[in-house]
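Both complexes below contain chain A, partnered by chain B and then by chain C.
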Partner chain A sequence: MKCLREFLDKQKPHFCEGGKFAKLHSVLTGFESFLFVPNTVTSKGAHIRDAVDLKRTMITVVVALLPALLFGIYNVGYQHYLALGQDASFWCMVGFGLLKVLPMIIVSYIVGLGIEFTVAQIKGHEINEGFLVSGILIPMVMPVEAPLWMVAVSTAFAVIIGKEIFGGTGMNIWNPALVARAFFFFAYPSMITGDKVWVANSCGATDAISAATPLANQVSGDCGVTLCDSIIGLIPGAIGETSVVAILIGAVILLATGVASWRTMLSVFVGGFVMSLVIMGNVDDALLQLCLGGFAFGAVFMATDPVTSAQTNVGKYVYGLLVGVMAILIRLKNPGYPEGMMMAILLMNSFAPLIDWVVVQANINRRMKRAKVNA
Partner chain B sequence: MSKVIKLKKGLDINLCGKAESVVKGTVKSNLYAVKPTDFKALTPKLSVKVGDTVLAGDALFVDKLNPEVKFVSPVSGKVVEVARGERRKLLAVVVEADSKTEYKKFDVQGGTKEAIKATMLDAGVWPMVIQRPYGIIANANVEPKAIYVSAFDSAPLAPDYQVALKGKEADLNKGFEILSKLAGKPVNLGLKAGMESSIFASMKNVEINYFDGPHPVGNVGIQIAHTSPINKGEYVWTVNIQDVAIIGHLFNSGNYVAEKVVAVAGSGVATPAYYQVTAGVKMDALLASQSVADNYRVICGNVLTGTKVARDCYMCYYTNVVTVIPEGDHYEFMGWMMPGTKKFSASRLFGSFLCPKKEYDLDTNYNGEGRAFVVSGQYENVLPMDIYPVYLLKAALAGDIDQMEQLGIYEVIPEDMALCEFVCTSKIPVQEILDNGIALMMKETN
Partner chain C sequence: MSALFSDKNRQALLGPLSANNPVLVQILGICSALAVTSQLKPAFVMGLSVTVVCAFANVILSLLRNTIPNRIRIIVQLVVVAALVIIVDQVLKAFVYDVSKQLSVYVGLIITNCIIMGRIEAFALANKPWPSLLDGIGNGLGYGMILVIVAFVRELLGAGTLFGFKVFPQAFYDWGYMNNGLMLMAPMPLILIGLIVWYHRAKNPDMIENN
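Here is the complex of A and B:
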């Protein structure tokens, strides 16, 4: 590692102001801090610091996403061969899935990180780790047949309009991955609704494979899957969202490490369950709703985004409950949008600051009241 | 027995190099200094010049805005240096100590509140009285709501005052008597649960509250918040318990004897233990027997709130512990990805969370880079107060004095939120932001 360190130290002058690669300064520091924790020491305030940093936090989320991603890759192949009615080995299905999903991940990372690096250089910021997670989330909420250029445009929109214009990671109002999906949804509605996009076709084939998601079927009455199917997840849907088991493994990782708030996660499920129970009238159907579509995925990985969700502990309960309630309400009462989770989270992202404001105002009122009593 | 106030929020940081519970001797140096920079928001005015001879208790400088607040020499001898920094800022007044300290005699007869104040101001012990809000030297012209003293320190490697104050019961009792006269009621004394049979539990003129929980439970600010939180327009005074004994000694003997016992601790010292010193002692004398290696940081105070000092510098005024820890100016390959069994974190993201009792040798590495606020709920977990820390900090960053007031700026000083700074994933300079907010409050509201 010493030679790598020496190599980096040798290159540094070229990337500083006046050097020939000065325009790539933020790229170098980004890579450098990726490879080595910097040698900066504390100068003000506390002399020692917690070992945790944003890189560690974000990589933990990526690790938590992996089970759902790997399952998604397998499921892409599985659905494909199922629709064609052909038998295929496990590795064959995984191989097909990789062929479809990897390009989407690569496109999302290249486009997103490219913009991040450019903005960091222009603004003189350091490169933020936020996109490590967004970059993998974006393909996971897309239909497998989404054309790569549409993924690229959606990602660019999400990073620029969803994040950078607010000031970057930590300043954004809406979850960037959901902004990408919402952009995709409204810009290219035919590519994310209906029954032609959820199962991957062979490369070069012209006819799309028809397979509706259970949510789309539900609009016309029966969703066509059992609770067991939806928990295991071998059903059509966006790449990462189908398997509740894989998502729950991720949830366990997030909760055990304390990266995601259990308050938010729990209350999304409670809110969703209560609302389903009210509408559907029985426990089995209500449970099925929590396992269908993007509900579980959204609850575990997207509603819990610390930047765009409510920040106060009390606020997190309210925010989570409302996300759950709204998701089911939109899904069951507005057939135009069978996938309510995206809308619900984006809607509640917008209201999260208001929820926090009410909570903080209560604290202020308590303090003012105490002052008056004593005066 | 009073009831125990149990706090759940907070964090104990278990560092290696704890001071052994014995006073290993007295450390003396040739030179002693009083540093105006130790006192927050002070504009000093010199009262001596180089070459003057002083007694222990003679004023070296005064507060320019409140000249009755004096800062006196801890030893008798000759003023040998008036150190100045940029723009002639007064940094230190250095006194060469006589071989035997001669003390100035003060009139300590006065039984009234005003007479006590006059004596404390004259003898230079008034700066030991800290005022909340803001954590500055108390304004002698206001009536405090109460005086609070904490008899224990919960910070990492903090001194045990039961060791430091052994045998000083008479001075302590006198000190509490004097302070209770100032407050017009018993002094609020905070003890840790389990200290029921300590020397502090039998003090007179005090009202004892017992506390239990992780750091910052020993911070007097936290104890105030859980017994009688500060409201707008109220003043609470706080005094460190070693200073209570010095004040008591003054009123018992008529002399300002600035002797205290400090813990010398941390992984960088050879024999972590307690040493008796006189305030303003030179650091290299204190560390002479500790064989401190080069790449170590010497801190007056604890690792969360202390001040980094050079080894040829002098001990800070409010110091009760001197901590020596390694500097962390090294790179670590893929450090953020390693399992991290030797790394300490309040989060559960490192392998080390599996062994909570382990002692850590932490260095001064920043462990990351500064970022915007991202993770939520972190600060709340280590601040046992009814305050929303991130909102308060954002109000301070925005310079919004109304918001700061509403969100509780009067109740906190940087030491109370030092743990927030420690745990922060985004490495936000919490104490500095709060300090700036407090400075703005003082400027705008006075």
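Here is the complex of A and C:
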């Protein structure tokens, strides 16, 4: 640690004004604040003193994502050997999963961070940690057979169109990871729907095996998955989304650290449950809906994104309820889009500022009325 | 000859190509720019048709400008533009029937294209026929230019063709390349035009609004 610190200090003069690499100033500060706590402090104005900064928030989310990611890696291997009909050891499955998933994560980080660094140089602002989470979320919502160049194109689209043109981290309207998935979904529909893409079968021996996702099957009536299966998560699906248990571990981490809002999370589940109860008519099916597909993943990691969700407390309830309702509505009533969670969150992302505005206005009006009565 | 292409006239012709582009700067004609740009051929024909209509409408109304009572000028403009659009529509049907079918209602909708009415109101009614002709041609070409750029990107990346001819060799697809389906959908031209506006403003800093 110390020699790293000394190395950075030695390099610093080169990156300051007049130095050799003055233009790459933000790269150095980016790495420095990634490795160490920056020693710059705000000197003016009233501030809450807190150890939680953007870096710690983002790392907490990454940690919360790890259970789902590790399970996803295992599940990729499990589904592969299941499709082949072979027995394989635990480590064999994990190894296969790593071979499939790791390249996607690396590609997503290289492309995304590359664009962030470039934009920071052009615009002359600092690099921040916003992409750390998006970069790991993007591979987790992709089908395992997604070609790497498509992951790269989707990531680039999400970072440029979804984020940088609005002003970078904290200014984006839509969740960047979902923008990447939406781009992928509409641009290469054959790679994200159907029965070939959710199970990695690169050996070519398994052409005959089809493994549609439960969501695709349920349109025709029976989804063929029990509640228990979908909670444990050994079913085909996008890399990170299948296991409700792993996602709930992440949810506990997020809620315990206060990074994600329990209001949003709870109301997404309530909204989804109520809507599926209305459509499906019994509790078992309604519960299954909450555990299938990307619903739980979206509710825990995507809908709670502090940038793109509603900011006010009342707004969070409204936003969450509508995300849940819309997700189930799209999923069950529109067979063209078997996964409604992505659309629902993106749609409500667009409405979040409006919800906040209404809540704030209502509050102002209420207080105005009270002020008049008392006067 | 030099008087014909004085600075002012040249401005009327060349201004709309960049600094005063009807799509990028005046934000006119967006609707048809979204609708007909999924392929290069219809976009090209559409740009040409609008140029012809815009040029002739400008000349005719510039000739009539002193005889039209102000209160009924919109009706007169509509009659002239509608007549021109019908002629263009018939010509397209006669000579490029397949493109005309592809463009379908959008040929008829040239009549409501904001660029044409906008140029008549803003330019032709206050200027002589010759500058009006140049202005009409310039704006039509400025519009067509954006259409062709957007259609070029959309057809190339969305269908892998240009003017219907395959651009990417089959080997590309065998290696795993795929056409981008989003390019053929309605949101993409909006994003593309946004990107072009972005680039255009970045190149012309005096156009960036202060706020």
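Methods note: the second predicted complex is superposed on the first by the 353 of 375 C-alpha atoms of A that agree within 3 Å, B and C clash if a C-alpha of one lies under 4 Å from a C-alpha of the other, contacts with A are read in each partner's own complex, and residues count from 1 in each chain.
One rule holds for everything that comes next: a contact is a pair of C-beta atoms (placed from the backbone, for glycine too) under 8 Å apart; a residue touches a chain by one contact, two chains touch by 3 or more.
What you see is a predicted model, and the numbers here were worked out from it, not measured in a lab.
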Request  = Please name the chain, chain B or chain C, that touches the greater number of residues in chain A.
outcome  = B
Ask   = Which holds for A:Ile165: it touches chain B only (first), chain C only (second), both, or neither?
value = second
Message = In the overlaid three-chain picture, which partner chain does A:Ala51 touch, first (chain B) or second (chain C), both, or neither?
response = first
Request  = Give one of first, second, both or neither to describe whether A:Arg366 is in contact with chain B, with chain C, with both, or with none.
outcome  = first
Task = Using the superposition on chain A described above, determine whether A:Gln86 touches chain B (first), chain C (second), both, or neither.
result = neither
In the complex, chain A residues that touch chain C = 147, 149-150, 153, 161, 165, 183, 186-191
Task = Spell out the residues on chain A that touch chain B in their complex, using ranges where they run on.
result = 1, 4-5, 33, 35-42, 44-57, 59-60, 126, 128-130, 167-171, 256-259, 261, 306-307, 309, 311-313, 316, 360, 363-364, 366-368, 370-371, 374-375
Key: Complex contacts: residues of chain C adjacent to chain A   = 176, 178, 180-183, 185, 191, 198
Note = As the complex stands, chain B meets chain A at residues 13, 156, 229, 231-234, 297, 299, 303-306, 308, 323, 325, 327-337, 340, 343-350, 352, 362-377, 380, 386-388, 390-391, 406-408, 414, 418, 421-427, 429-432
